Every structure is written in C-alpha cells, then in structure tokens.
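What follows is a short report on a single structure.
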Amino acid sequence: MRIGVLTAGGDCPGLNAVIRSVVHRAVDNYGDEVIGFEDGYAGLLDGRYRPLDLDAVSGILARGGTILGSSRLERDRLREACENASDMIRDFGIDALIPIGGEGTLTAAHMLSEAGLPVVGVPKTIDNDISSTDRTFGFDTAVGVATEAMDRLKTTAESHQRVMVVEVMGRHAGWIALESGMAAGAHGICLPERAFDPARLVKMIEKRFARGKKFAVICVAEGAHPADGTMDYGKGEIDKFGHERFQGIGTALAHELEQRLGKEARPVILGHIQRGGTPTAYDRVLATRFGWHAVEAAHQERFGRMTALRGTDIVMVPLAEAVTELKTVPKHRMDEAESVY
Amino acid sequence: MRIGVLTAGGDCPGLNAVIRSVVHRAVDNYGDEVIGFEDGYAGLLDGRYRPLDLDAVSGILARGGTILGSSRLERDRLREACENASDMIRDFGIDALIPIGGEGTLTAAHMLSEAGLPVVGVPKTIDNDISSTDRTFGFDTAVGVATEAMDRLKTTAESHQRVMVVEVMGRHAGWIALESGMAAGAHGICLPERAFDPARLVKMIEKRFARGKKFAVICVAEGAHPADGTMDYGKGEIDKFGHERFQGIGTALAHELEQRLGKEARPVILGHIQRGGTPTAYDRVLATRFGWHAVEAAHQERFGRMTALRGTDIVMVPLAEAVTELKTVPKHRMDEAESVY
Amino acid sequence: MRIGVLTAGGDCPGLNAVIRSVVHRAVDNYGDEVIGFEDGYAGLLDGRYRPLDLDAVSGILARGGTILGSSRLERDRLREACENASDMIRDFGIDALIPIGGEGTLTAAHMLSEAGLPVVGVPKTIDNDISSTDRTFGFDTAVGVATEAMDRLKTTAESHQRVMVVEVMGRHAGWIALESGMAAGAHGICLPERAFDPARLVKMIEKRFARGKKFAVICVAEGAHPADGTMDYGKGEIDKFGHERFQGIGTALAHELEQRLGKEARPVILGHIQRGGTPTAYDRVLATRFGWHAVEAAHQERFGRMTALRGTDIVMVPLAEAVTELKTVPKHRMDEAESVY
Amino acid sequence: MRIGVLTAGGDCPGLNAVIRSVVHRAVDNYGDEVIGFEDGYAGLLDGRYRPLDLDAVSGILARGGTILGSSRLERDRLREACENASDMIRDFGIDALIPIGGEGTLTAAHMLSEAGLPVVGVPKTIDNDISSTDRTFGFDTAVGVATEAMDRLKTTAESHQRVMVVEVMGRHAGWIALESGMAAGAHGICLPERAFDPARLVKMIEKRFARGKKFAVICVAEGAHPADGTMDYGKGEIDKFGHERFQGIGTALAHELEQRLGKEARPVILGHIQRGGTPTAYDRVLATRFGWHAVEAAHQERFGRMTALRGTDIVMVPLAEAVTELKTVPKHRMDEAESVY
C-alpha cells in the first residue's frame, strides 16, 4: 500500500508523533510505502513530497513542530484545491491519504472523500474544539504551558499585591482557559462561551482583598468578551498610520480592572509558546494511537472517517460528523470550575 | 452539613487538589463545615482531626503529598477498624465522610457504607488500575515523570551505545509502563499482564543494532516477569545476614540482557520520584472535579458511591463495583504500543 | 542577637531561599532571634513585622515570591524613609538589619549604614545588573524561563515559516537577552547596550532563508532600541482617550520586520512569567549562600557591606561600591554570542 | 584551517552545544573546515570521521548526548593510542584538534600536546571536579535533575512519614550532592570528602521527629562512605552465582537508618538520568562559550591549553595544570551547607 501523509494548519505538539506512528505501523508491520507531502495540501498540489522510512522519523517523537512543514489552506480556494488534489492523488498512486489537521483540513478531507478518494483524517487542534472526539492531542501540552505560566505568575502577583490577567488561546472555545484556569487555581476565568461582566470580577477580587488575599489571577481566553454595555471594548484605537487597531481582551481587561479597582493590574499574553515545543506524555500517547489507528483504518478500507478518542478507546467516526459543529464548553463544566464569570 | 475528609494509602499527586476542591465547594458554596482526619483512617479511629477552611487549603493545589498525612490500613484489621469508625463517625456528627484512597481504602469505604454510614469515595492510585473509572489522578504525573526520565536516558544510551532498562511502578497493572513506554518511544515494554521472553527482546535489540541503532531503552513495570523457563529469576539471593533477598526485575533483566547481548546494559529504578511532587495540569483538573462531585453527591445523599471519569464526564458509580476487580492493560492496548514483549 | 530581615523591590525567585537561610543559620546555629518586616521598608516604617523561627520558613525554599511581601520605595521618599527607619531600628532593638533587594534597596541600605546603623545587604535582581557581584539569584531562573519559551517558539516558527520576536526583561542591561538568546540559539539578539539596525537583522534573516532555513527567532531585551534613523520607533500612539501610548520594542520590531521582509513576524512578550515561580537549583544555592554569609557578616560586625559572588566564593563588598554603577554587557560578551545586532 | 573535534568519556549535557559552537565560529566566521571524529579517540585512531557544516549542527543545541558518539579510552592503552593519534592527525592534515572530555581525555590531550601536536582541550564532567575551572558544563543540569527528584521525594517522604536516602553521582567529589542537597533542602548530605557517622544522622533525624517533622531526606554522593567502625559497609554480598557483589552506599545507608531508627527508610538511586537529556540554559551558555574560545585559541595558536571559566570570563589554562589534581569540595563549602555529615 502507498500511504501519503500531510500536516496542515497551525502548529500543534504531537504532529511528529502521529507521523512517526503512521510510518512505524505502516512500514514496519505492513511493509507499506509512506510518503510525506511538504507544507500541507500545498505540497500535495505542487507534488512536493519525500519518502518516509524508519530513519526519517527517528528521534522525532518528542519534538515539537512538524518535520513535514505546514500551511493553511484558504477557505475560498478549498474546492479548487480539492479538485487538483484528486488528480494528484491518482497520479501519485496513493492508496490512502492521511491528512492531519484542524477543522479546515478535515473539511477538505471530507470533500476529497466525497469525491471518492481514500482518505482517513486525524484531528488536530490545541483548542480541543473538534466535536466527536473527547480530546485532541496538543491540548494537554497547551494547558500545561498555560498552567505553569500561571503557577509562576501567582507568586509574583502575591508578592506585589497585584492583579494579573493572563490571556490564553481559544478564539471560539474556552477549553484551554477552563482547564488551565482550574489547574492553576485562577480566581476568575472568562470564556468565549459566556459573556462576562467586569463588575462581577471586581466584586470577587474585592471580596478576596477583604479576606486578606491581596492578589488575584484572572485567566481569559482570547475569544472572551464582555457582556454588552458592561465595558468599553471592541472599538479599535487609531495607530500612528491612522489605522484602527484592536486591542486584545487580556490587555483591555487588565486596564479596566486597574481603573475599577484602583490597583495595579497587568496583562500577560502567552501567545505562541502554547503551541510549540515538546508534547506532554499524554499528547504523545494520544497522537501515537491516532497514527496507529489511521493506518489500521486504511488497511481495512474504512475511508471517509477520522480517528477519535471515546473514553479510553480510539474509534473511527465519519468525517461528515466531525466537521459539523464546534465543541464548546458546556454549562456543567463551567459550574464545576466555580470561577467562570 | 458536616463533612469529614481523609487521605489513605500511598502518596499520589493530586491529593491536595481534591481536599482543596472539597473545601471550596462545601464551605464556599454550601456553607458546610469540613474537618480533615489526620493520617488516614488512623486519624478517624484516634479522633485526630482539624477544621479545614479556605485559609487551610490556600496554596496547596499544586503541591504534592497530602496536608492531612496518610497511612495504610492493614487488611486484617479492616473489619475491626470499620466497626470503630462507625462509632466515631456518629460521635463526631459527620454527615458525610469522603475517604480518598486506593483499593484498600475504597474497600473499607464500602464496608462503612454497607454498615449504613454516609460515605462518598474518591478513587486514588497512580497505577490507574481501579476499574469503573477511565483514569485516576496521579497517573498522568507518574507517566510524565517516567517519560521525562526516559527522554533523558535515551540520549545517554545513544551516546554510550548501551542498553538501558528502566523499571517503573506497576505491581499488578502495567499502565505506567505502557503509557510512559509509548510516550518515550521505548523499544521494548514489559508488563505484569503478559509474561515476556528475554530471547525476543534480545532479537529486537540485535535487529536494531543491525540497522545501525546502537542502543535501546526497555521499560519494565516492577510487576513484570519472564515466562516460565526463559530466564533464571525469582530466586532470592542470600545477603550477608543469611536472609534471602529478591532482586527487582529491572536489575535482573539488565543483567540478563548484558549476558545475552555481550553489551553493557544498565538498570535504572525510578522508584518514588514517580509518586511525589507537583501534579500535572491534567491531574489537578481531574482531582478538582472529583472533589467537587463528591460534595455534590454528599448533598444529594448519593452515598455508597465513588466519583469516576467516563469519557469527559464525572459520574458516580457504586463502591461495590469499584472494588471488585483490578483494571489491567487489555490486549488491544498492547497491540497499539507495538513494542510490548 | 536580634536580626531584622526584609525583602524589597520586584519579585525575584530565590527571595524565600535567602529568608530561610538567614533563619536557619541565625536561629539554629547562633540562637539568634529573627524578625521579618512585612512589605519591604514599608513594614519597617510602620512597625509591621513577625517573628521568624524554623517553622515559619519550613517548606519555602523552592517557592517563588516572598513570604514577607515586598514593595517599592519611591526615590524621593528615600531620605525621609531612612531617617524614620533609623528610629525604628533602634526602637525595635535590631542588632543587624538584612535588607534583600535591588539597586534602590541597596542605596537605602547604604544610607542607613552611613547613618551608623548595622546593615548587611543582600543583592537581588533578575536582571543581573548589580556591579561587584558575578551573578545575582533570580537571573538563572529568568534565563531558564526565557530559554524554554524560545525552545517552544522555535518549533512553531519553523513549522509556520515565520519570524518570532521574543521580548525579554532587561531595561538597562541585556543579560537575560544575551544568555537566553545564546542558550536558545536565537538568530538575532538585541540589547540595550548596543543600538541595533533593523536592516542588518533583515539581511541575516534573508541569508537564512537563502540557506533553506525558513524561520528565525529574534530575542530582544525590553530596553533595546534601534539606532537613530534606522526605524520609526519611540513615537507614541494616540489611544482612544487621546493619550499617547508607547509600544514595546518587541511589537514594534515584529511589525518592522514583517514590513521589510514581506513575511509573517509575530511578537511574544514574556513579561512577568520571568520573575515568578520556583527558582532553579542554581538560584536556590546562591540565595542560600548569600543568606548564610549575611548572618556571618552580622556576627562579625562587618556592616555596611553586601554579599557578592566572586568566582566560586561569596565575599563581602562595601555597599558604597555596589550602588555606583550598573553592570552592563561588555563588548567581548556580545562578540562571543555571535548574533548580537 | 582544518579543525578536528571529538567527544570522549561519559555522556554530559552540553556536548552538542560545544560541537555546534565550534562549527559556527570556525565555519561561519573563519571559513574553516571542521571534521568530527566518531566515538571519541576511537574514531581518530580508526579514521572514522565526518565533515561538520552548519546543517550538520542544526537543531542540536538543546539536545542531550553527542552527535559524534563517545567512548572511553582505557588508561593503559593511552600512551600507545597517543602515538597512533599523532600519526593520524598529521595524515588527516589537522591544524587543530579539539578533544572535549574529562580527566582521561584531557590527560591524553596533554600527551598529544607534549608530542608537539596542536591541541586545544575543552573540559567536560558532570561531576564538576576538574581543577582550574570554576565550573564545567553538564554539572548544572545534573544538579537540576537531582534537585527536582528530591523536590518530588520530599512530599512523598512527608506524606508517608518516611526517611528517603537519595544517591546522586560523584565518585570522588561531592559537588552534585552538595549543591543539589542545598537546593532541595536535604536534611543530611554525605560526601566522598568527609567520612560520615550514621549515628550523627540518626541524631539529627530524631531531633527533627521531636520537632514534629516526621520525615527526612538524605542526599548521598555515590562515593560517600562511613567513618571506620561506624557502620558495617563495604563487604560484598554473595549472589546466587557465588560472586561477591557490592551494594551502593544509598541502599546500605537506607538499610542502616531503618535499623537504627525503627522507621521506614527507602533508597532512591538516581543513576543515569543525571547525565542525559536537554542541558539547562546555564550549561548551554557555558558550553557555547567554551566552543567559541577553543576556536579562538586555535586561531591564535595557543595550543596545549584548555578553556576554563574564571569568575565571569573564559580563560585558557595549560593542560598540564588541569590534569594534576581533582577539585574536591573544600571545608568552607561544607560549612555553608549546614547539613553535611
């Protein structure tokens, strides 16, 4: 069997672990040939690829990034790209294509599958927002990085009697903010799923101060936003070139809290450190299992599906299901955290 | 409501996170009173306890160990202890007892519950071997520590062209060996669930050497054992006092491989570093959720149950179910790992 | 002997290790009494303090922050404060005062000493910019945090073929940027000590791209600045309230590089995570040694001095020397790094 | 110029950083040619080497181990090897040889230098026991690993009310035990430099217990030994094959303390995890500076010397000086630690 692999979309710890696992299972067990397309679908469209044998994936399990490179596919070029991809897959004699990527990648995978091509998807997002899988790899690493950062910030906040507002990733779903906020014991958590009222945060912080706890750490997803009319936010500022520039919610909220509390409040924007570097053991295991099951599915000709974690098992779910809706934080998970505002 | 908490059995990262969560939910939300018994059931039997308010659990979320202390209950004193415990619980006016512990602790909890006492259990084991919950807290931390150790050992093994045999925890179930072995890319994994044949390990290592990879890392659960007749193991050595002493499997296997391969093979016994220290974010979240749901169960008078993870949800399962059988590594999980011998 | 301790200025990993060491040496070895003033000199002036015995410092060695709290002393209130402090020290019957802090704190300590008070200083700055000591504690931790962040960012930059500009602490001295940049293999390093020319950075990055390395990581000290006329920087932007706001150099440089290169360039501002949390082993040892020697100096009545690392030894240097000039990165250290622009 | 590099002796974090630095400085700045001999002096003697250009050292800065492989040279073959090496160096047209290694390697380097060959040494030992340099790279990483392990063990020891004896590396010099013991706050530290009396350890532990601290962590260098007549140690046990086997001091001391205290005491032998894996930022910087200065020395024809850290500077010291005596822990450093027995 000839298997093609590609990684697309944003960086995510565990991508190399999937690639390695696919190669190990396919080459070592089945005697398959595996080729890796470079820079995501771009490599598939341009015919840029390289053979992947055991040596090619040696030592990459714990390494962040992707040895194949990645790129984002623009939405409006998707259909056109899929048509070209179909030709390429036939030309290259690919018996199974394993695209590893997020929502866009899986949507493209679904189109290819609908066009009759042999596709097995592997879901990837540090945001953990793909429905039909309990978890995605990369998420645990992102939560770990954010938690460690907040662990560090807590001691500083306490020594300085200061409020820290930590902005973590999550534009549409607040999983990273929820779990890192819980893990680090953030005193307030703001998610995209629920508009927050800064007045309630202020009240909580003042209650803490009254108890003698002279600091607070607030964990905010980048996609969190204040309830209408509660805070002046979302109007851009005019930069020196006369352009309107939007401030991140972390910075805006720190400013707002500082004004309302009359105390120092500082924003920390974690940014890309959440999506790079060595994956946690959890993510390496999940990524490895996904790769293994993707190869199994290819050999069983269970195409048009993607790997998914359900409880402790890896199952294959239809790509059609996977891409329909975003998995957001449900209310009962917010309740458990106690500190979602 | 008056809630009693205790921690029993071996140390496990996340114990403090459960205690903190119980106090936060019970005191802050319900206005309950929480007391913590010291040193496990021993504190309950001796009446040694202290009140736990918000200040008492401040800053403990990320700390290893247990602020309450712990002790192991001897099996044969279990029934007697339970009888005394019943009296104590009534004397102290405890409306709900939340014991946090492993199999022994939960068995005792089950007995207390059978005797009509209001008990909600929280399962705890770094070994991840309690059935009826997908995962237990502490396990992720143990896997992380073992993985990091093997990451380090791999570079040393490679530089020295040496075989390293790493013994990790897991007397009856091989979950830590399985997952840390997968995460670190161990070339061989030996579990209690499947007797291994050293000859097969030797063959695999020689194949690696033939491929130009002049080193190997073998991950062995402390409860792993060779198939009958494959290796001289299990007879004790006579120490200088004339006593028979049993060698651990890690040391024995390193010795065996060294003899068979004619190459340096070294054992590393990770031991207790796997069960101490700061819990991972994953374990802190799971522990926090367990604590929260234990308090909810107490208020809903759902006694005789313990918290359990099922998929992404925390559910309450009967204690009777929990303690019936050990959760061991099933064959399909060994297959996925590719390298279980 | 009655010893007073206080911590002042910004948070710095290792403060608790100094406090613990002072208490261990003074109480356990000499039978001294130790009291800790709260929130820096403020506690001394207000008479807020607490006794510090062995139990009070138990378990704090590895903890970030300071159990005594901290505050910054405003420059213009320094002289007045010193006068009041003198009275307080006499009133409290303090035989030796050990202030732990940065340049401002040590200047105040010098004034107190000049006024005849028994003072032994302990230098503290994550910036490593205090002359007359080879290193200060906290610096190693800050460098470690920045290095780990850049390790993570490198894989992401590589996968995304992107330029990352990482802004680290260092307003007047570039030690953190220099050492973390070297440790992480940053392709360009910008320091306060040498005005950089963005054109040279652009040339280096283009040379990398020509070599097939499609990414770069630039490490910039917050106090770095472009050479005159090389880049439009330093004019503030007008925010929505009509105030001028200055952009950090990291953000400005990323923007500039993006424009010049025609490639994505992203800023990451590490901020306060560099100064909080568990100190590295190096910092704990250095802090512990400083505390020990401060107590020794007190008992030998070697006042008006501060602890300093010289090679492998801790020596006592006159406070007068310590506060005269900032220790900046010399040219030969920049040469070694190869990549300072 | 044609420069040959080799790494010899035990694994040590930072070796790759030196190799990378040599290549960067020599190739990029001077246009030199660099070749790397494989597996230490063995590669030099067998003529096994490979060219090292910028691509060959890309991405290795943070990686443990050595891309060149290593081997130990047997003492009695040293002189013979040196003679052959001289021929090889001339045959290969090597203008400068940079051996990176420990005492044995530097002794060989000294011999080669005495024989008129152009040699610049780079000292390497995780034990930090090479005189004439303040520190060696690898040491900081080893101390960090040991400290983190003890941080974890402390919480476990406390929860279980147990004594933990942690054996760390250091056969002839106790630097790792001293600094990791100080950093982790070990209650007792035993070094090769001072024979310990178990009775004194017992007394200290009992004093702790009396204070209500029901646990202790003892940090023992592998080369530590009891004072004569204080403990039955050093006689081997007879294994099942009838051979005498020597028990490590960690295991022996745990056993001894258990007997004397009547309390559980457990040994943990850290072993090779101390010498593998990612180097700390400190070690990467030191290793990088050593590599840079070695190339400078080669170009200045300052042969027969090795790089050394003195205070904050890298200096070149005669190899003759470096190999004369071991740098052991002096008494005043033991005094500072307070807990050396």
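Each chain carries a letter (A, B, C and D) given by its place in the written order, and its residues are counted from 1.
Quick note on the criterion: contacts are C-beta pairs under 8 Å (C-beta built on N, C-alpha and C of every residue); 3 or more make two chains touch, one makes a residue touch a chain.
Since this is a predicted model, take the numbers as computed values, not measurements.
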Common touching chains of subunit B and subunit A: none
Chain whose mean Cα position lies farthest from subunit C: B
Computed distance of Cα centres, subunit C from subunit A, in Å: 34
Whole-Å gap separating subunit A and subunit D, where each centre is the average of the chain's CA atoms: 40
Residues of subunit C engaged with two or more neighbouring chains: 151
Chain-level touch network, classified as line, ring, star, complete or other: ring
Chain-to-chain touches, reported pairwise for every pair that qualifies: A-B, A-C, B-D, C-D
Touch list for subunit B against partner subunit A, complex: 20, 24-25, 28-29, 54, 58, 61-62, 134-135, 140, 143-144, 146-147, 151, 179-180, 182-185, 211, 213, 280-282, 284-285, 288-289, 292-293, 310-312, 314, 336, 338
Partner subunit A, residues of subunit C touching it in the complex: 7, 10-11, 15, 39, 63-66, 69-70, 145, 148-149, 151-161, 164, 235, 237-240, 266, 268-269, 271-273, 275-278
